[in-house]
Structures are given as C-alpha cells and as structure tokens.
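Below you'll find the structures, each written out as structure tokens.
Two complexes, one shared chain (chain A), two partners (chain B, chain C).
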Partner chain A sequence: MPGRASDPGNSLVPFSPEVRDPVVYPIRHGIKTPLFRVFVSWSHGNLLNVACLQASPPESNAAAGTAESEVNIGGKVVEVRLGDGDGEINEAQRRRIAYGSVPAFAMLQSRRNSLSMMSRMASSSFRNEWWRHVLEYSNQIKDLLGTPRLPSSSVIEDPKMVLQQIEEPTSLKVAWELMEIFYVDKQSSAWLPERLVDWLADYDCILAKTEPAIYSKLVNLQKKIVNIQVIEDDPEYWDGISSALAVGWLDVVVKLLRLHGSYQLDQLGNRETENGLVEAVAVLVSTMPRMRADVPTGKLGQCYKTKPDFVKAWEKWRGHITKLECSAFWVQCGHRQTREGLRNLLQIMLGNIKNLTTSTCHWMELYISHFLFIRPFSMGLEGMYSLAQKCMQLKPSSNSSGLIGVFMGILGGNTEVVLAECSKAFGPWMVAHAMELLMATDDHADILLHEERYNLGGISMEELYRLIYAQVLSSHPLTWQIAPTYLASCSKQGLGLLEVLLYRQSAHNYRVTLKNLEICRLYELENISECIMKIAGVYYWKHGRRGSGIHWLQQAHDEVRLNRIAQQLFDCIGKSISDDSFKQWEGLVELLGSEVGTAGGLEFLHKYRDFKRSLHLVHDKKAVDAARQTVESLVQLMRSPSTPRRFWLPLLHDSVHLLNWQGRPLLNVSETTLLLSKLQELSMAKLHPDFSDFDLPPQALATVRLALAKNLRQAILEES
Partner chain B sequence: MAIAGDANLRCFPQPNPVDAVRWLPTVSSLRRFAAVAVHDPDSSSSAIEVHALNPGPNLLLRSSHAIPSRISALRFSPTPQKPLLAAAATSAGSLHLLSIDPLEGSIDSELSVGDIGFSTGAVADVDGQAEGREWVSVGEDGRVNLVVVGDGRLEWRRVFDSKGLVEYSAVRWASPAEFATGGLGFGLQWWDQRKPGGAVAHFKGNWARGNTVGMVHSIDIHPSRKHICVAGASSGTVFAWDLRWQHRPLLLSGVSTGDTVQPASESEVWEVRYDSHIQPSSVGTGPTRILPVMMCSEDGILAVLQQGEEPVELLAEPCAINGFDIDPQNPSDVICALEWEMIGILPRSKETSTAS
Partner chain C sequence: MERVVATLEKGAQCCGWSHGGRRLAVGHADGAVSVHDSSDPSTRASARWMAHTCGVINVVWIPPEFGDAIACVCADGALSLWDEIGQDAQAVTWKMCKFFEGTGSQVLDVQFGVSLTTLRMVAAYSDGHVKVYESMDPLELNKWQLQAEFQNVIDSVSRFGKPSCVSASIAWSPCRGENQQSSFVLGYNSDLSQFNSPKIWEFEEAHQRWVPVAELALPGDKGDRVHAVAWALNIGRPYEVVAVATCKGIAIWHVGLNPESDGRLSTEKVALLAGHDGEVWQLDWDMSGMTLASTGADGMVRLWQSNLNGVWHEQAALECNGVQH
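Then we have the complex of A and B:
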C-alpha cells in the first residue's frame, strides 16, 4: 500500500487499518505563495511544528521591492495541534487521571513484588490473595475517573421527580467498571447479572447520546409529567413505565405508578378497583426478588444472597403475578389504558419476550432485561455471548462504539481483542492500567501478557503496552516526571528508555534539572546523574553563568572540562584580580571551597586570593610576620603544579618589594634558587606562542631578576 | 517520625501547573484570598490569579492578570494594607509589581521593570520591605538589584553584579539595611547596604555528598532574630546560620559527618518558613534557640522542624510540594503548590500547636 509505513499485520503497535476521512488543519502562515519548502516535525505532546519557507524572490523584483521587503517575511514556524481529544475528557482532565493513577499503580506493583517473593512456593495462594489487591487498585482508579453516583441529598423529595438527573459518567469509567465486573470481582461473580443491571443504569445515558434509549425516553417523560393533569391517559406514561421496568429501574416504576390519577383523594371513591390494581402491581414490582448482596438506598427489590433462597422466592413471586393476571378484577377496571398498561407490566415481569422487545430500545437493554426476567442466573461466557448476538439480531444497531467492542471482546473471551478494542477506543492509558484487571483472576491472560515474544523484540505484551504509555507521558513537559514509574516496571527495555528520557530533558531550567537528578537518585543511576550535571555545567558556562558552570562540573568531578575552563577563566582574570576590586572574585573563590583536588586547575584561584589578601596587609613596612606569611604562600604558589605559568611573572612582580625587604631576607637560599629557576624557565619560554604577559612593564623580568639576585646574596650571607 | 496524616489536606486541581502560592495578608478576617502563579505550557502564557477561599472549602477565581513570562517567585509586602503590593519575578528577567485590593481580591494595576540592564537572566527571588516600597531582587546572572516604587514607575539601582561568577537563588530582608542571599554550595551571603562593594559575610556548607549541587532554594529570617537566617537546600538540608557564630552553622535537617540530625527528606527543600503556629517547646527556649521551621520538599514532604527534636511530618504526598505559605493571620492554615497541577490547603488543629 503506498504511503503506509508498515503493513498492519506486522506492526508492533496495533493501529486501525480502516481508512478514515482525512482531517484538514488550515495553517495561517501569512507567507506569500508559492512556498519554497515546508518542514514538519513533532513538538511536545500532540503538537506539530510546521516551518514554511518562502521561495526566494526573483532577482528583478529584489530591487523594486526594497520598501516592501521589511514586511515580507522569509518564513514562519506555525504550531498545529492535532486532535482535540474525544471531547469527553480534555487534556487537563487526562493529565489528572495520569497523575492520580501513579500511586495506585506503584502500590500494586510493589505489592506484587513483595507477595510474589513471599509466596514463591505456593502460586495458588498468591492467586487467591491477589484479586483483592487488584480490586482495591480498581476502586482507586474508578474514584479517579468520576465521582460515584450518590443518593439524592435533598431532604424533601418531590414526588414528581422520578428520574434523578446525575452527572453523566464518562465512557472511560463505564468501560473500566465493565472490566472490573468481569475480571476482578470474584466475590460477586454469582451476582453478575445484577451487577450488569447496575452497570447499564450508568451506561444508558451515554447510550442515549447517540441512539434512542430508555434514558432519553424517561428524560422526556419527566419534562412532561410536571404539566399533565390526567397522566394515565397518556400512552407515553405507560410506555415509560414498561421501559423502566424492563431494565430493572424499579424505583422509577413505583414512583411513576404512584402518580396514577386513581391515587388522588377525590377520585378514590369511584376508582377503587383500578387503584387497587395499580397498587398491587406497584407492590409486586417493589418486592421483586433479586439475587445480590444488597440494594443501594432508594432502590427497590428483595435481596437473596444464595441461589436456593432466591429460586424459592422467585417462584413464589411469579405465582403472585400469575394469580393477579388471572384475577377477575381486570373486568371491573373501566380505564382501558390502565388495564392494558398494567397487564403489559405483568407480562414483562413474567418474562414475555415479545413485551420485553417492544419495551426496550437498544439491544443492550433487551440483553439486560433477559437477565432480569428470563434467566436471572449467571451463565458461562459462551452463553452470554450467544445471547448478546441474539439480542443484536432482534434490535440491530448501526452504531458500534468502542464500549460495545470492549463488551463483545470480553464476552468472546479473547484477551487480545479486549486490549485492542481498549487501545482503539480509550488509548494507551487504558490499556496500560486495564491489563492489571485482565490478569487478576485469569491465568490464560496472565500467561499471554507475560510471554516474551520474538516479534516484539523479546519483550512481553505487558511491557510493550507499558512502554507505549510511558512514551506518551514522556512526550509532554508536564507528565514526563511520572513516566519513570512505568518504565521502572519494565524489566527489559525500561531502564534503557529511562536513561534516554533523563538525558533528553533540557538544562535551561535548573529546577527541572534538579528534579531530573532526584529521579536519578531514586533509581540509583549515579553515572547518569553525573552526566546530567556535566551537561548542565557546560550549558551554564556557555551561557555566561561561569560560577554555576564551574560548580556543577566540580560536583560532577569533571577534571578534564574544569582544566579547560580554568584556562579560559584565567584569560579573563587578567589584572582584574590584582586590582583592589577582587570582591568580584570573592564569591566564586568561596564557592570553589578550600578542599584540594575538587576543582581541577581552579584550586589556584583560592591560593591566589589568599596570597593577594596577605599582600595587602604587608604594605606597612613593619609587618614582618605578614610579610613572612605572604612569602610563604608565594613559594607555595610557585611550587604548585596547578599555578599556570602565565601567572609566574605577575606573581613575582607583585612581590618585588618583599624580595627587596629591608633587614633580614624573607627567602632562604633554596627558595630563592627555586624562584630563579622558574624565572629562567620563563625567559626561555618567552618565545613560546601561548606566552602572554599582563600589561607588565617591559623591564619587569629584569626587575624581578635583580631583586632575586639581591635576595640571594643576602640569604647566602645570612646562612653562612 | 511522627505522622499526622494527610486526611485533612484539601486538594484543588487546577487546569495548569502552579508555580507559587501565597496567602494575601488580609485586612479583614472575613475574606480570605490566595494568590497563585500559574503557567500554561501549551500557550506559553503565565498569570497571577487571585482566588477567594470560601467555607466548604472551595476556591473561586476572583481575578487574573497576565504576566509575559513564567513566574519564578511571588512575594507580598508583609504589612496588611490597602492596596496590597505583590512582586512577581520572572524567568525572562523582569519584575512586576501588582497592587491588589485586599477586600475584593482584584488586581488593579501593574508596574514593571525588565530592561536588559536590570537583568540578563532569570530573576530567581525577590523580597519586599514591610510597606512594599523597596524590593531586593537576585538573579541567575549574579545581579543584586534594589527596586524602589517611584512616582508611577519602578526605579532600580544595582547593588552588586558578579558578572556571572556567582549566582543567587534566594533573598530575604533582615533589616532596612541588611539582607541575606543564598546560592550554590549551600552558600549564604550577608549584605549591608551601608557597606557597598560586595557581601559582608560568606558561608559555604560542606554537606555535599554524592551528586548534589547543594543549592539554597529559600531563606527565612525571623523579625525577632535578625541575625539568624534559616535556609532550605539540596539533599533535605535545612540549616540555620547565625552571624555571631559564622563558622558554626546549625543543621536542622540533613546529613553531615559527625552530626546525627535526622533528615525530614532526602531531596531538594524548595521552601522554608518560620512556623508561627507551633509554640516552641519550653525546654531551652532562649535567644539562641532556633524557632520552629516549616519546610517542603521534592519528595512530597511538608514537615515542621525543631532544634534537637524529630521532624513532625504534616504531609507525605506522592508528588513534589514546590512551595507553600503559612497564613500570617491564621497561622494554622497552610497552602501549598503541588507538582501535579494542584493547590492544597491544610488546616491544622489547635492541639498540634504545642509540640511535644
């Protein structure tokens, strides 16, 4: 296929081979056409940098358009943001989810490590324990994806308020919940049908956005009932009730039934039978046996935890319905709509497939109604899958959203399909985090995801999906800091990519660099942190922040670069340090510290400063002690290999008055000989190209030599 | 280590990263505001926002004022007055002085200085005198500037220019004439405007171990003890430097050879503040004792340190705490800027005010 990087069959990262409509992003570059060249490159996140260059104007126009050329720009770089997300979750929310899932993920990984170490011998006990941890993790993530549905908090309940309008959950959360139901929660696996009923109650409002669904039907009804007087004459009223019943929203059904006109005090006398029938149905609805641990407050039904108890209650309940169905009171009920509506409800409760089909809108609703009224017991995935297909045939749906794909994948029992659907519909975050759910109780999935694959370069699928997610995180300046958590959980490629990530961070903000170093410390990457410090040091040095540059390189123990830098630094010292204003250098010298061997050639600065300081004190001719000390540090400086040769002459020249000291000589014979030999070396090197003297008087060398000779004479006399 | 738990922390997610948070020094006890420096990396825009803190609690945006580049430091003049003055330093080397109405939380006007002579690199920190007429700023370019609010504009003069040989990352006034700065190598400098030409005293700590640059990120000086500055730096180091004993720094947290001071954290200490909420324990109170200090760190620790005692951990968050502020009027309330684009508010109960 032309223009395609790789065949989808061979690609490492699954991508959809479906050809979608191309998206056009208009670029306002403001450059005169024709464009000479366009460069496209990735910026951070989903930003694209597009550089547009103008064709160079023809020679003839160049002269004519001189005035114009100032406004005429040669090129421009434009940022293009690709995709605005799916609209449901914006970038800030997406980042919030990414941040929030880090502690949960890290906690689960550390638990896995400690548990697997403890129970290496008994993997079965590990399994039995493990799903509870995953459930805890799943709950933490679920809280992150949206606030849980809370019962109405208002004190006075409006009887006409049948449907609570709630904050709509995101489809991401709904998909997560679905996986939790099927893969993690072992405890409630016996109550799977009822969990699906609850799940649909959340999901139906999302379904209603694109297709006709019971939720939208009830929202319309809710708007209507506030204004209608005789509600039971309206077919929509009965339609709404039967639909709500079909998907098990019993509280809504009972609330709607109680709005029936026969409950009104003035009507009670002449519609007694009718009212009795309505109330009987309402009671039957609210006492429907349900196989589950409990119902949330405000919801109706009687709970049975075990199958035998439930079956007994179920049969009894159905018996009551059949009895009411055959009752003679129906004949006495004069209101046709009520009679028909109520009997329809009884048929739904008895599990009449025809009534269920007409009362539901979407196949998913029909599917759920099966679990409520036809087969209220858990069945195998195969059975659930074929039932789903049957429902789809009865109510074909044009839309196949990502969620449905995930749902069918789960029922199909195919882990790879589930992951692919998750990836397609919800992106890398979902896959990286949902893998934990898939593996919680399913051994096959566990093996499948942990198996090292040749076609993935020897890594497992688990690692692959984590790496993909980590790459997404790394590409954004706000989320790169959390990528190491995921990279660290990848045993094969993680560490290598972590190193790349850390190297890649720019050095221009020292806070970022320090945060980078902190990550190195956490993962014990000493050599990386040393490199990062060197990079930062060179960056600072290049940008004129010499002190910082030196300090960072010093802390990184980079002798080679420090020696290089020292040469450049000495160049700019020139005479400035010998002036009175070496306050300037004071700070740097303090920063270098006095420890030997940490600053490369820069140790010299420290000694030089001390020498200069004591030289200042000697100006008074009587300060013999100070003079002696100064001479001592002079000799030390001249002996030290770190003193650059170019400073020898200025040092000696600065201390000429010490060499010509009145009274006893300050230097002994051997010291004087040393200085003389240095001087000799210097005069020989004067022809050397890198020799430079700092604005010293031309006779400086001679003056020093004379002073040294004088001193030598005196010293010899003194010592003999 | 005593752990108070983080159950009380209220988090307010923001749509963008939070660079700095400050309480407004309020005039009235009924209205409480917080100023927040935010940055949007997608549009490369920055702003100072004022949020009202309502009981609930919730944060409500009252006003926002765009600043041309990323904010590196935000400070208020300490005196509650009308209008309040706040200075924001930026990474592009400019300084912005905002006047904020303390009753409405509105940002009314701005004065700024940002010419190339003022600064060639990021301004790292700024601090104001009590009334906010005079500010001192330090920068990565090694310049120390004094900024004075003139007639409708800001006037500035250079105190010192190290020409890039030394750079400063923190500054704090000690008295109308003196201030302290901090920088690399656990370094502190003491300046006296009456003695121009450079710092009058230097200090360099030698606690560096492993790969650390030992940068001082924040300094605080207590008005009642102007000769002592506490500093927060790398490797969980918090220390006090007393001008009277310049060669004997006191380590409050961190690791050094010979000293056994338990570190409250092992990473960068981004901010330190004297904690006026905690009454210093009765033992050994005196002018030499260091008052309680609060610190926050890169590894998510918010803790109170007392000389000779174990640190009291107030928060241990999964992400970095980049800065915090203690409400000067209600010192029990702490506001902090969390790395994960959140503002946290931590109310402390009265019981914790007397440390054991």
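Then we have the complex of A and C:
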C-alpha cells in the first residue's frame, strides 16, 4: 500500500501539488524472510543504519537444507546511503566536484556579503554588478564539470576527419551551461540563439546515447567515408550534410562538401559546373551571417554583433541563396544526387520548415534549426516555450530526460520547476549551486528563494537546499569537512546543523577531535567545542588515558568532573597512604593544576604533594634546612581547614623522625602545642564510629605523642 | 546504495546505535549483549558478555558526555547499566555499574537526557508509572537517586485503576541549550486509555516537580495505543516537531516553544501518515529533523518528508521483506 500524503492545507507555492508514489528500494541483506524485527537509526547526514533481524526458525526447519553458517546468523546490519544524486557520475568524480566547487562557492558568498555591506548601495547597482561575479563563479564550476571543447591541435588535418572526437560532456555540465545561458550571461542575451546552437553541439552527443540524433548519424557517416569511393552517390552523405547544416555545424558541412568527387583533379575537367555549384554552396555556408560576438577557431560564419548589421548581411546572404537557387546552372548539373542534395541545402538555408524537419532527428534539433534559419533573433521566453511545444509536436520524443525537464522549466519561467527538475535529475549538489545562477539576474527568483517560510521551519528555499546538500556531504567521511562552508552560509539553521554534525563525530579519534575543535573555533561555536572536549575527556579518563582525560576536561572548563576526579584521587590517597601509591597519583595531581577546582580536596592534594616531596629530601640527618622546610609544610597542612582529620595521624606518623630530630628541635613551642592539641582531638575522635586509622601500627598515636612531648621539652628549653 | 556492515548472531532481538551511529549494541534472547564497532561484516563483535539470565529486549546508549555506556532492559523487567572502561585502549571491558531489579512491575522503556550537567534517566514501568532518576556522579554511573515518580496521566488527582501496559515509548527533547528546560514525551500501549496518549512532561524548577505541558492526541484519539514516539532535533525552527505512531498511523505534531498563559504548550497535528501495513515498530528522525524514518510489521522502512508546501508525504521506502538472494 503506497503512502498517502497528509492534508495539504494552505499552499504557499502553486507548484508540486502532485505527490508521487514513493520509490521503493529493495534492501539486499541476505537474511531469510519473514523478519522478526527491523531497527533503524540515522547516522551522519543521509546515512541510515538498518538492522534486519531474522525470526527464529522452528528447530526442525533450521536443520533441514540450511548451511551451518546460515543457521548461526541472526541478522544483518545494512548501511543505506540515500539521495546521492545521479548515476552518471561516479563517486570519486562527485567528490572531486564537491571539493572543487567549495572555493568558488565560498568566494561568491564572501563577495555577496561585502557587496551587500557596501551597498546599502542601491539594489539596482548591486544587480548590475552582481551577475558578473556569478558568471565568474559559473565559469569556475563549468571548468570543474568538464574540459571545454578545444579546436583540433594537430597541424596537418586529416581531410576525411569531418567530426572531431571530443571528450563527451556530462549532462550535468550541459544543464549547468543551459542555466548560465538563460540566467546569468546578460552580455550575450542578444546572442541567445547562437549560444543555444553552441549548446546543442555539446548536448547532441548526450542525446545520441538514448535517441536517434544528428551526432550519431555523423559518427556513422564518418566511419563510412573512409571506405567509399564515389561519396556523392551515397544518400547518407547528403543526408549527413543536410543534418549538420540544419543545426549549424557549418565546418562539418563544408568539410563534407569538399570531399565531393568533383574536387578530384581527374574529375575537375568533366564536372566543372557541378564543382562550381558545390563550391558556391560551400562558400554560402561558410559565409553565413551569425549574430554573435565571435566564432571559435575552426568554426565558420561571419559575425555581426548588432542586429542592424546582422539583418543587412542576412538579407544580402539570403539574396545570394535565392539567386543561386534560380540559376540556370542546375540544368547543366548532370549528377542527380548532387543537384538534389545541394538544392536541399539551399532550402534549409532559406528556412524551409519541411526540409528542416526532414533533416533533423530530435525536436530539440529542429528547435535549434529555427533559431538558425527561420528566426535568428532573441524572442521572449513565452515565444520560445510555444515554439518548443510546436517542435515537440512535429517530432514527438518518447524519452523525457531530466535535462529536457530543466529546459522546459526554464522556458516556462518557473523557478520551482527548474529546481525540482534539477534536484530530480542531478541531485542536491546541482540545486545548491545552481540557485546562484537562477538568482543572478532574476528578481522574482531572488525573492522566491529568499522568502522565509513557516512550513520549512522559518527558513528560505535557498537555505533549505543548502542544508540538504550539506547533509549529503555529511554522509561521507571524506566530504563532511566541507559541509561547514555551506552550513555557514545558512543564516537561520546552518550553525544548528553544524553543531549537531560536530556533536555526532567520534571523540575516540584524536585527529578527528582536533579537526572538530578547529571548525568550532572558526565558527565560534564555544558550547559545542566544550561539549566535544568533555566527551573526549570522559572517554580518555574511562579508557585508561587519565592524563589526556584531565587535559581535555580542563580545556572544557568542566569543573564538575574535575572536582569529581580530584575527589577520586583524594579518596584513593586516603585509602592507602603508602609512597608507592602516591607516586602513581602524583602526576595526575600535577596535571589537575591549582587553578581548577574549588573542592577542598584539591588544595589539600597540592599541599600534601609538596609535603611528601620535601619529606623525601630529608634522607639524612644532616639536611637541616630540608627538615625545617618539611616541618613547615607539616604545620601548614595541620593548620589548614582543608586537610581532612583522617590524614592528621598519618601525616604526623610520617614525620616522627622530624619530631625526634637530633640537635635543635624543628618545632617551636606554639607549633608543638598546636600539633599536640590536634593529637588530643584525634584521641577523642577515636571513639567515633567512622574513625579510620588506615594501616598504621597500633602504637602510632603513642609514638607521635612521645615524639611531640620530647620536642616540646626541647623547645621550651631552647626558648627559655 | 546499501552495504552490509555487520552480521549478527542467532538470537539477536534488539539493537541500539550509539549517538553518532558508529557503534551498535545488540541484545540477545539468551541475555547476552554484544557491541559491534567494525563496518566489516566478516568481523565478530568487539565485545560480548552475558548481561542477564533472560532475554534482553531493549538496549539504549547513554549520552556520550557520560562515556560509552548502555542500559539493558531485560525480559523480566530488570534494568542494568554497563560502562566501557579500560586500563588502555586494548584492554577494554564492559562493567556493570548499576542494576535495577524488576520488582513487581517491569521496565518497558528507558531513555536518557541531559539537563544542565546532570544525567537523567526516565524509566516507564508496566504499571503505568514513570520514574525519573538522576545520576549522582558525573563520571561513574553507579549512583542514582530517584528524583520523581508519577503516572502518565494528565489528571493527577483522580484515581485510576492499575493499567496493564504492553509497551512504552519515551523520547527526550533533544535540545542541548544551557537554559533549556528538561522535557520528554511518553506514550503507553496499555489497556487504560488515560495512560496511553503521549504527554510532554517538563521539569518545573520552581516547584521541583514534573508537570504535563502538552498532550499529543486529539480528543477522539486519546485512548489510542501508542507504539512509538520520536522527537525531532530542532536546529532553529520556531516550533518543535514530534512524531507519534498509533494504530491510526504516524501523526506529526508541531509543538510551541513557549508555554501559553495556562502553562501549556500549543500543539497542532499537521499530518497523519498512513502507509505501514500493520503496527509501527520504531520512529527515528535524521540529524536535521526533516526526514522521519519508520519501521513496521510490513517489513518496510518508510521515509517521510514535508514538501515546500508543508505537505507530509512518503518520499521513499526500503523493502526489507523482499525475496532475498
């Protein structure tokens, strides 16, 4: 049962009321059905994890006819990548395009920002400037999508090579070019028909893959002419010439005409008139007036940049054709095929619709031939649209590829249709990047794409399509790092999505963590940066890399966890006060530093560390200074309110040999009295149930008391 | 388009993915739990241990700020929390840090949320009671305090009978902002209608209590048994989006961000999506909160999106029950 759409409610956009049936993709997981359960979870971007769990088969079935390995399988987990775009371009190429388009996109955005900053500038002057930047952007992207056609580089041309074999353009590039022609390049809008003629030259070889087209006709002819002796007798020769002429491939026409047998030296004498006619037509073809800025090297025709000049030349040229058409030489031309073939060419040049229709294969070719021979001037989109429909009626085509959809969308002047067709045929990359072209000169598209919509969660279509593309980038470990560039250009929800993306990256990999933090720094995402550091800190702490753990938690200013760690250390030291175990923790105490931590425990840990260190220095009886210093630390520790009572006795017991110091006493009277009073407090507390005296010998208290008493006696003697 | 990334052992009966979707925990019928890290289907699980003596029916990952840890719900209603710890990267083990016994009523679903820096756990019990626990230690998951206990009903004064609940579905609000109120949505599949409808519970700091701020069911549908709920991530929308699956289909709700004068959040049901032939098993929103994936008893994974006009429709479907070769 297909899914049903919900109630449409109030439509904002008249387009796309129709809801297509969903595409159903079978998942090949290799598990026997029926399934017990299916679990899903979205991973990064458009990656969906799907777990298919098998229903437990009855025991009897399990044994029969099932391999042992299969019996033990309970399910499979499949990773599904959704919405990757068209299949024409492989993954590596797609990644190359994705990476390559980032600089162009980023540059355009930064230009837009700086221009709009300056222009509180009048919006009209912004528009006048803007399309040039978009054109530059468009050219950069176009270069990425495929190398431009270059004229033959060989010095000696093979006369029989009429059709240059070129690197086949992708339909992605052809679609891009189409949008550039219509939306961006203001300069050549007067020469639109001629730009479409050039465009068809690229598109025709793509068309030829699925449908009969002039390109394939010429490729076949090219293969044939090498082996034919009397070429002009072959109907395919004339057919090829007329087709090439119909779509304006004048160089091919002239090359083919010059292969005519009458040019051969031994024939020239007998077929003078015939040759004259062929040459006359060839000259007419090569001097055809064309309204365009220039003609690429190797291509033919005479350029006229302005309409009046062109019209004058056009009339004159047509006059020549009519004159030749009516000339008496045709009677003298004995070769029927040549006569008919050449007159057909003249009819094409005169714009005879019947001849044009016969010579073209696809409606698009017929359409382009209109611009060459019937109405070589720019006309409004409406006119172009109805002409396209007329051509479609004359030459119905079964195949309606995505490119045709884009083309008709453009002619129909419907931005949403163009975007929808782009999205359907070429995927999210195309839409995210082509929007810039659509908005370059078209105010309506600009408003439409920038309008914030409640239905989309308060964002514009521009932002939506960028978010969708960023999701696609996020799906792959090799491309997610360029997603931030696109997300940063989304003012409403871009950074929100970027935060989610960063939060979902693994904290287990040190390099990934650093990369994430770098991105956070770049886009000033402090919260998420702290969150990433916290995740890393806890991970390392729990996985035995305690130093790294503390480092990351400190970076994250995570006082709650750092205090907890200090507490843990504290408890740990409390449990076993032996020197060995302290060594183990000393480094961590060092790392924790003194800045972080409001817990009393941490302060104590630092003092305790200092005390232990200086205690080690008092290794012989002569180190009086060290001993004096250690005693000072001891007194400080005993005075400090942050020193827990349970440490008093171990501290004093550790220092017994200092209290029993030979020679001058290390503690004065008041210090000794302080320690004695603490000892007294301890004796009282010993009766308390939660009192713990660690692993000290039972006589520890007595030993300390005796040592203090001795010290007090000496101190009194000394001071009196 | 698809590739197999893991092969599960016989007896696997529930799955849970970690926050980034990179790690998978699987619960087995014999009480074992396994964790899969590799994306190579030929490799075995990176860890496997016996978590319970009877089948594990649900595994849920804990937010990554609290380490790599999972909660396992057992068929007998017990709940255990497991934490991955190690002396170094190689010697990693899963240690049980807390065990909640299934006394009387069973745990049906459990979900974790972070509010400020505290980890909270909501557990839905088979007697219609909801318990909210708070972790007392930001590093260890062994100390929990019961913070609140209430029934999933709007009217807390009236006395209801004791429901018998088959399943429950909880989803925390995925907001992570410092000032965000902690809230979650919970719906039951039970024999007492008052308990079923999904309610959004929000923690009221002033009175230190949980209050229902919205009910995601139209007056006629309040008794509908809820099979699944999912709260979409909000990356900047002026409203929240919550999906609720009942026997009538999958409803998409818009929920206001700020309470109205009566303290309740405004709600609007914007779509009811029918497509699954049979019960809906699970719902999951993608990271932008724009695409909803649902699975159901028809063996299909369906992907739902709203178009530019706000019309929700099924964008694509993945058929898992097809003929396999």
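Heads up, the rule we're going with is that the second predicted complex is superposed on the first by the 497 of 720 C-alpha atoms of A that agree within 3 Å, B and C clash if a C-alpha of one lies under 4 Å from a C-alpha of the other, contacts with A are read in each partner's own complex, and residues count from 1 in each chain.
What we mean here is this: a residue touches a chain if its C-beta (ideal position, glycine included) is under 8 Å from a C-beta of that chain, and two chains touch if they have at least 3 such contacts.
Given the structure is predicted, the values throughout are model-derived calculations rather than measurements.
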| item | value |
| --- | --- |
| Between chain B and chain C, more extensive residue contact with chain A | C |
| Chain B versus chain C as contact partner of A:Val40, first or second or both or neither | second |
| First (chain B), second (chain C), both or neither touched by A:Ile31 | second |
| Touching partner for A:Gln481 - first (chain B), second (chain C), both, neither | first |
| Partner chain in contact with A:Asn509 - chain B first, chain C second, else both or neither | first |
| Contacts of A:Pro103 with chain B and chain C, given as first, second, both or neither | first |
| Contacts of A:Glu526 with chain B and chain C, given as first, second, both or neither | first |
| First, second, both or neither for A:Arg258, with chain B first and chain C second | neither |
| First (chain B), second (chain C), both or neither touched by A:Arg545 | both |
| Partner chain(s) touched by A:Arg664 [first = chain B, second = chain C, both, neither] | neither |
| Intersection of the chain A residues that touch chain B with those that touch chain C | 44-45, 47, 81, 543-545 |
| For the chain A and chain C complex, residues of the former touching the latter | 1-9, 11-13, 15-17, 19, 22-54, 56, 71-82, 84, 416, 453-459, 461, 464, 467-468, 471, 474, 492-493, 496-497, 499-501, 503-507, 527, 531, 534-535, 538-539, 541-545, 560-561, 564-565, 568 |
| Of all residues in chain B, those that touch chain A in their complex | 13, 15-17, 41-42, 91, 120-121, 140-142, 162-167, 183-185, 187, 189, 197-199, 202, 204, 206, 208, 210-215, 234, 266-268, 298-299, 318-320, 339-341 |
| Chain A residues touching chain B - in the complex, by the definition given at the top | 44-45, 47, 81, 91-92, 95-96, 99-100, 102-103, 106, 477-478, 481, 509-510, 514-515, 517-518, 520-521, 526, 529-530, 533, 543-548, 551-552, 555-556, 581, 583-588, 590-591, 593, 595 |
| Contact set on chain C toward chain A in their complex | 1-17, 19-22, 24, 26, 28-29, 36, 39, 41, 64-68, 83-89, 91-92, 117, 137-139, 176, 178, 233-239, 252, 270-275, 277, 281-282, 284-291, 293-296, 299, 301-304, 306-325 |
